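Notes to accompany the following structure.
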């Protein structure tokens, strides 16, 4: 028995020291506890909405990660190749366009993109639920994928400065292999993975924010258009807003604290899921970077 | 410390970085420490000096936690009174502080005869030369690597001067010089040795001198006979158990080998014909607005075209920072020149030639190059096999690949070795892999930039034998190296060229 | 890329976007006018007939008969026309009421209003930028100093104290011991709560405080912009990682062997004092950390462009989500809703210029610094 305790203690200490794994477990653990609590105390229709909103949010964010990765890798490769080739004009044009996208604040770009989605929905061009979410993810990734390109360029340029790159080139090894296999796959996949974790966090933040803004600010126009339920749009619902107001109430009236976990569960859960997920993703990303000494 | 020896075990949580049971050096003596790169010379020396971070590494000294060692009075004395000159001078100077400010902070913020030290290391009496160098922020190419190295040495000498002062501490002090001559040519290296021995003669101190430069042995034997009693030569070697052992190194062993080296006469076909010519560089060229010339004599009086035939080994000499590596990179099409003209196995090239020429006809086909730092030139994250995949030589598979590696590696090559990550090879193994990768190509000429870098004495002998074998088989080599003593013994003086600029 | 090339690229993209949005603006205004004319054109002539009362069904029937009498082969078209007139009158009545509220021309008064909003937006932006610049460095250093001191997390200290309590002979000692443990717990709770605040999107904080505070003040906006949306924590973390990465570099080891101070205790005379950490002009003389700090700050300078962009997004979120009247980004949202695309374009252009100006400014700043460190700036040798 004693041995078992010691084993558990050792294992716990090992996981605690690997902060990314530790926070991944904490995230899942707390999410499960929240789910159990909600099953016990939140009414069924509201619970279904919260679960749907959370899963949709995760789905869109995961898709943003995949799309940003694909777009970033492909365009990043073009930029890296054009940079040293004789097609300098192509390099200039490509970086020029990328810099223009960078100069548009993400939130405005995505907001305009969402306006486009509502137009497509009202024009009955876009009606499939999954297709709408995929388009939403594509719009968000268009304003995030620059981060992947920056990383790819930084990694390739770092190795180009070293003898590493030239030493392979003069052996006749193809540039495609050097960049894709030797630089990006063998020496940068940890960096890229870390960037994708960070992008996952950004995607959740941006998506919730846009959905919230649209649901609050453009409600009269867009509510007629059925955008999928996400945590952001749930938070903007009048009952959720009342629930969040209750959190502020407890500052002045601490005895009210216990009520928020029973009577204001929908809004508090949604707000908690957003903030806690953002915190957990940040911690996972930091822990991952620390463990891999990035 | 000198009698018992230290048992040192350093681990990064994943694997052992260095493990030695008998690390020792004699008090009030200068210990020259040889050994292949990556064996742990620097790491062990840093552990002894008290520079490693116990939070980042798992370190045991004499089976006790490193913190215990750090708390010992003797370790505190070492840190208080000593100095550590690190290798890679570029990364050991702060790029955001002027050099003169870095030369005057902490314990060395006093005058401490700085001017004399700098003038000695620069071999000048001109104040302005020194002022120009120390009045700037260190950048990658300015001051040069050799100059940065001398700045770090100047800091060490200031600390030595502090100790030499009448009020200086009489307690234990340790001065560690880690590859202090790596970026110095022989002239400046000799000035530094002279200054070190002069200081030592005034008051004895303990010093660890880590180096790969075996020609220091000849220098000491020929010019500093009076110091021999104050010097130990030691070598770190890997034992079968994976541990590292410290052995005495016999200087005679090196000196007698040097005498035994045999030169291979010029061309294998014996006929000077344009057909056998693999490289011809026109004697004058221009880079960075500097007019360069190639000479056939050390005095740089007779300019000449540099010509290499099949089966020849040619040595290109120049002072530190003159531009030997730059010239090699121009030949390989990795750097542009303002005006240049050369011919590689019948292909005429000038400054006008586009990068496509090298890609299409030269890289991996006519010419190859071995870069000086194997750690940088190889992809450390790949396996040995992967590092050779993608080469132009498609035959390099299976048993043929193993046999190629066996030519330079002492052991039988098995699948386990092929699937080993390059980063887990020793420094010497990496350098040999670096050589094999280029020599496995079916090319006419290979440029070797510091081919003996990181090799221990045994590997140096083996590598040179192997290169000579390849030379006999018809390969041509252009050698760039600081290791003048060895290559002067290996290559005919009429096959040596000198590079200089106006 | 050289500084000149960078500036050229910025100016070129500003020119391109201005031309693009300018053209769009022109066509939007034109379209507005044309729509107005076109919609009226067809039926305006009939509406202008003073002897017909379109309210009266008899008059409408009479008009239809008259039209049919003149053009007997187009009876169906005439019926459509009468229906259109009816619809037009009905919709123009509603639209007229709505438009009075919604439709706004890009008049000089509107320009004036927008300029004031823009100025306010820039002012808040600059203020927040300065505060975060200070906050990021201060909190980054504090975290780094804690790391160097090997301080454990308060939660871990609490748990350790709780589960490994020694045996005391006096109750007073027990009390003292557990009080210390509780203190760790309180600190842990405070830190955890502040993490929640730092990561919360601005609207979550703002809505939860709406009944307690006046969330419409500029002061509240600035505070919210600094602490929420993950701005402060993200860049504090970035600065901290720069510090950690720099502390592992070779020049730090050279500084150590020169015997510069290495203690990170606040109480040590040679350590890192709180005064120097919280100071606006941070300086750590005779300490190894001065080397680390200089290099980390230089790297941080190069991320300011990215931070500025992050902040602008944050400000837009705050203004939009809080629905504060009279703010630039809320105006954008409102005009988007009312389909006043000409005003939308002007606002977007304004925000774009601000991002561009920040990019140019940070490029200039880094260029200036790099000139110094590249020894291109005249250096006076001693």
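Per-chain numbering from 1; labels A, B and C assigned in written order.
Assume a contact is a pair of C-beta atoms (placed from the backbone, for glycine too) under 8 Å apart; a residue touches a chain by one contact, two chains touch by 3 or more.
In this text the structure is predicted, and so the values were computed from the model without any measurement.
**Student:** So which chains count as neighbours of both subunit A and subunit C?
**Tutor:** B
**Student:** Give the chain pair that accounts for the most C-beta pairs in contact.
**Tutor:** So the chains sharing the most C-beta contacts are A-C.
**Student:** Which chain's mean C-alpha position is the greatest distance from subunit C's?
**Tutor:** Following the centroid criterion, the farthest chain would be B.
**Student:** In whole angstrom, what separates the CA-based centres of subunit A and subunit C?
**Tutor:** 18
**Student:** Which integer distance in Å separates the CA centroid of subunit A from that of subunit B?
**Tutor:** Once rounded, the distance between the two centres reads 47 Å.
**Student:** Can you check how far apart subunit B and subunit C are, centre to centre, with Cα atoms defining each centre and the answer in Å?
**Tutor:** 52
**Student:** For the complex, which residues does subunit B have touching subunit C?
**Tutor:** 49, 51, 55, 79-80, 82-84, 86, 88, 91-98, 100, 102, 105-108, 131-132, 134-137, 139, 142, 152, 155, 159
**Student:** Could you list, by residue number, the parts of subunit A that touch subunit C in their complex?
**Tutor:** 95-96, 99-100, 102-108, 111, 115, 205, 208-209, 212-213, 216-218, 220-221, 235, 241, 244-245, 247-249, 251-252, 271, 274-276, 278-279, 282, 286, 289
**Student:** Spell out the residues on subunit A that touch subunit B in their complex, using ranges where they run on.
**Tutor:** Checking each residue of subunit A against subunit B gives 86, 162-164, 166-174, 177, 181-182, 186-187.
**Student:** Under the definition above, what is the set of subunit C residues touching subunit A in their complex?
**Tutor:** Per the stated touch rule, the residues are 9, 12-13, 16-17, 195-196, 199-201, 203-204, 207-212, 229-230, 233-234, 237, 241, 309, 312-313, 316-317, 320-321, 323, 330, 332-334, 336-337, 348, 351-352, 355-356, 359.
**Student:** Please name which positions on subunit C make contact with subunit B in the complex.
**Tutor:** The contact residues of subunit C facing subunit B are 150, 249-251, 253-260, 286, 291, 294-295, 298, 372-375, 379-382.
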